[in-house]
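Input: structures, listed below.
Heads up, the next two complexes both have subunit A, just with different partners, subunit B and then subunit C.
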Partner chain A sequence: MIDAAIEANDLSKTFPGGVVAVNGLDLRVEKGSVYGLIGRNGAGKTTLIRMLVGVLRPDGGVARVLGADMLRSDRRTRQRFAYVSQTQQLHAWMTVEELCHYLSHFYEKWDAAYARDLAGRFGLAWDRQVGLMSGGEQRKVSVLLAFAARPEVLLLDEPAAGLDPIARRELIDEIIDVIGRAEGCTVLFSTHIISDLERIADTVGIMDRGRIITSQNLDDLKSRTKRVQVVFDGEGPPRDFVIPGTVRSKTEGPVVTAVVRIDDESQLDAVRAIPGVRVNVFALGLEETFIELFGPASRGEFANGGTS
Partner chain B sequence: MTTHDETLVSAGPGGNEWRVTRGLLWLDWLRMCGYILPMFAIWLVGIWVVPVFYHPAWVLAFGMMYVLVGATAFAAMDVMGGSEEFTFALPPTRAQLYLTRLLLGLGTTVAFTALGVLAVGLDLPQMLWGLFVNSGFTGPFPVCDEPMVYGLAIALPTAAFACVYSLASNAGTRTTVMLNAFAGLLLAGAVLIGGLLAEAGLWDRLNGYVSIPALLAITPMALLIGYGFYVRKEGINRPTPVGGSRASWVWVVIVVVVVVFIMLLSLLRVSHRPTVRDEEFRLEREAARDLPRPATEVGTATVPARPADNTTNESGEDGK
Partner chain C sequence: MLHIQIDPHSGIPVYRQVMDQVKYYAASGALKVGAQLPSIRELSKTLSVNPTTVVKAYTELQHEGVIEMKQGKGAFVAEVGRGMSEAERRKVLERLTRQMVVEAKQMGAPADVVRRVVEEQLEEMGLSREGESGGVTHD
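So, the complex of A and B:
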């Protein structure tokens, strides 16, 4: 069995006021993989990551990065991961150079030359105060600091949140490029921008109401989730008619449309065999899949019955 | 995949914790030197150059002034700046963060007050001035010989720093940082007043035998309790505005006024008590009044000593 770089078992966190952010969550990210965590706003992604890095204390369960609880680990263990968050406030009064000098004290593998190289590629002024930079530049500084630490595990929590589309695209391009160069680095990337995720992740976990409801290979997820349209001639479908693998379905007259999760299209052969029936199968992109599974009309159906 | 070929800069073999401490101290110094250095300059000028602070009570006041801003700033610099999540996600543990800031903050507090007390107590500035100034334009400054004030000049700022640091470092918002810092000051003040009341009750005079040990005892206690909470503290991820409803602030002000009023009343109760020095002075005066004065020689004549009540002698000639 491959070692897990990131692991959470029965993890829970409730904030004051009774807001359940993470609810009995289980997660396993294999070493060397790029894991995309996706979910609606408030699904609990940020809370999960903040517990993994030891910023928050879980109410129950276990959160481990590289086999260690980061809240209780010593500095030598903690230097093996790096974290970039959506709202991370760096020391605004420091220059990029000063920040790099500061962090170089903590990481045994700190790569000063790489930091300078990244600053050049990101177009960051080395001697400029972070507080005087734009939001996009500050995010880039965060990414620079995380990558120059040469971490074994990298946790990115919506690093492009709040940026305009062009700045977001640029930042994601840079992150993809840098991840490609970081040999053996495990990445957990959280976002609700699915197009970003599709470009980075090899495995996807979908999070809803504090739990991971499905976790699988990105290509598998896309290939297994389809929209199937069954058109009956004349009258509507029989009362007990169900398309195999249905996550949710809708009937309008003689047309039954369903989002299904199937391993193989041969599972629809039984439907095709019904006389006078026409079956159309449409592939879904990840974004369509997500919207179909989590859109207002489907709230809860996937979580309750459609998990793999 | 390719790896970057540049030279790796190592933090040292075997995870050199001293290097980590140096990094933390470097940041804290960079952030706080704009406060520490001017305060050091004030201390230097006030005691050594222009001796306006030439009394341990001034050292005490100076120490409390330093603590008022310094302890809060050292304790809650990340909360105030909104960078706590960034700091907590870095390799140094919360214990290292707490202890390093404590080292610099409490270290400078103790250094300033202890050096001030030593300088005034040993009369060092006047000795230094006497080496190269003998103009006669100024008379020597009197040196305070009240041991209790010297003790308080070190113990009170130290205890106040510990209480403020402990409470403020565990605050999660800017509002609670300020409230906790004030609560820390009140706590140190309450311990001081409690000690003074105990001294007044036990000895009928203020001698610092309770208040100073109590202040010194609360220092490690407060720091230990603060440490226990801080290592389990959860980080906040954005700067929080100073908030609270108007009604809540009214309540805070009422509570503060009541507490300060009670403390002032307590101080009034003990303020008429003589200090050790006052008591010694009173005893000396009484002894001088009771004992007959030795005869004094003026020129070749021998005259009897004047009565201790300081009236002129009966002849009114003052021994001429």
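So, the complex of A and C:
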């Protein structure tokens, strides 16, 4: 088994007032993997990431990054990962250069040349006070600082929020670059921009009400999740008709439309064999899958067979 | 290298989209036998996708005999039909044809229309009547 870079077991957090943010969550991100985390607002993504990096104490369970519990980790371990939060407070009076100089003392592998290079590519003025920058630019500074630490694990909480399309693409290209490096890098990021995730994530985790309801290889998820439409001749489907592997289904007159998890090519053979029945199978993108799972009237349930 | 375009939003995995386009270019002659494909790093940068996606596409293409990977040199378009046995080829063709025939039946397309479409596609790829006794190719 490949080593896990990030691990959580039975992790829980309830906030004062009884809000259960994370609820018995299990997670495993393998070394070298790019893990994309999606979920609706309030699903618990930020709370999860904050517990992983040790800025928030869980009520129960364990979170480990590179094998170490971040609450008890020493400085040596802590400098092996970098974290970009949604609400990073940078020292507003410092320039990018000063920030880099300051942080370089905390990170053994700090790459000063790379930091300068990134500033250029991100269009950030090296000698400008961070407090005078726009929200998007400050975000880029946070990302720059995280990358320049040359971490083994990068945890990014909505790194693309507030970035324009060009800056988002630069961020993606930078992630591609660091994961391609010989030392390797594991990335976990949360996002609402699903097309970004589809470009770079190899594994996708869908979070709902404090749990990860499915965690699997993105290509597998796409190959296996289909929209299947079954059209019956005349009166419509028999009362107890269900398409095998149905995650979510609706019937309108003679037409049954369902999101189906396909585990086996012959899974729909029996349906196809029903006389007078037409079966159409459509590919389903991740965004559509997500909306099917959480859109109006859905239950957000997902058969989680292939956690590999 | 020819233009490869991907749609990350599509339900078709990105590595499949890359495979399909390389195959199309190779089959249509736009990429000649021996032509070099971009390196994994290069293509992953151009498309802004995870390098493992390109590795997956190239590995599968090699497995299917469409390309050859030469140690330290890169990926090249292979000779047609390389790496696939007669039986394997037949199996793949049967599966694909079956898929097409099922779709055709469902939309109510008559058999002669299906045959004509297949002929047209073969012709477009320069495969028409090739190998038949006394056959004449269109070019």
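Worth a mention:
Following the convention adopted for this analysis, the second predicted complex is superposed on the first by the 275 of 308 C-alpha atoms of A that agree within 3 Å, B and C clash if a C-alpha of one lies under 4 Å from a C-alpha of the other, contacts with A are read in each partner's own complex, and residues count from 1 in each chain.
As a working rule, a residue touches a chain if its C-beta (ideal position, glycine included) is under 8 Å from a C-beta of that chain, and two chains touch if they have at least 3 such contacts.
Keep in mind it's a predicted model, so treat the numbers as computed, not measured.
Using the contact criterion defined above for the overlaid structures, shared-chain residue A:Trp126 touches neither subunit B nor subunit C, since it reaches no partner. Touch criterion met: A:Ile176 reaches subunit C, while subunit B stays clear of it.
Number of subunit A residues touched is higher for B, counting subunit B against subunit C.
Once the two complexes are overlaid on the shared chain, A:Arg50 sits against subunit B while remaining clear of subunit C. Contacts of A:Ser85 after superposition on the shared chain: subunit B is touched, whereas subunit C is not. Within the superposed three-chain model, A:Asp219 lies in touch with subunit C and out of touch with subunit B [touch as defined at top]. When the shared chain is aligned, subunit C comes close enough to touch A:Ile194, but subunit B does not.
Counting contacts by the rule stated earlier, residues 180 of subunit A appear in both its interface with subunit B and its interface with subunit C. Looking at the complex, you find that subunit C touches subunit A at residues 8-16, 41, 44-45, 47-53, 56, 102, 106. Listed in rising order, the residues of subunit B touching subunit A in the complex are 1-4, 6-12, 15, 17, 19-20, 22-24, 26-27, 30-31, 81-83, 85-86, 88-93, 96, 232, 234-235, 237-239. Of all the residues in subunit A, the ones that touch subunit C in their complex are 34, 169, 172-173, 176, 179-180, 194-195, 198-202, 218-219, 222-223, 225-226, 272, 278-280, 282-288.
Listed in rising order, the residues of subunit A touching subunit B in the complex are 50, 53-57, 73-76, 78-79, 83, 85, 87-94, 98, 101-114, 117, 150, 180-183.
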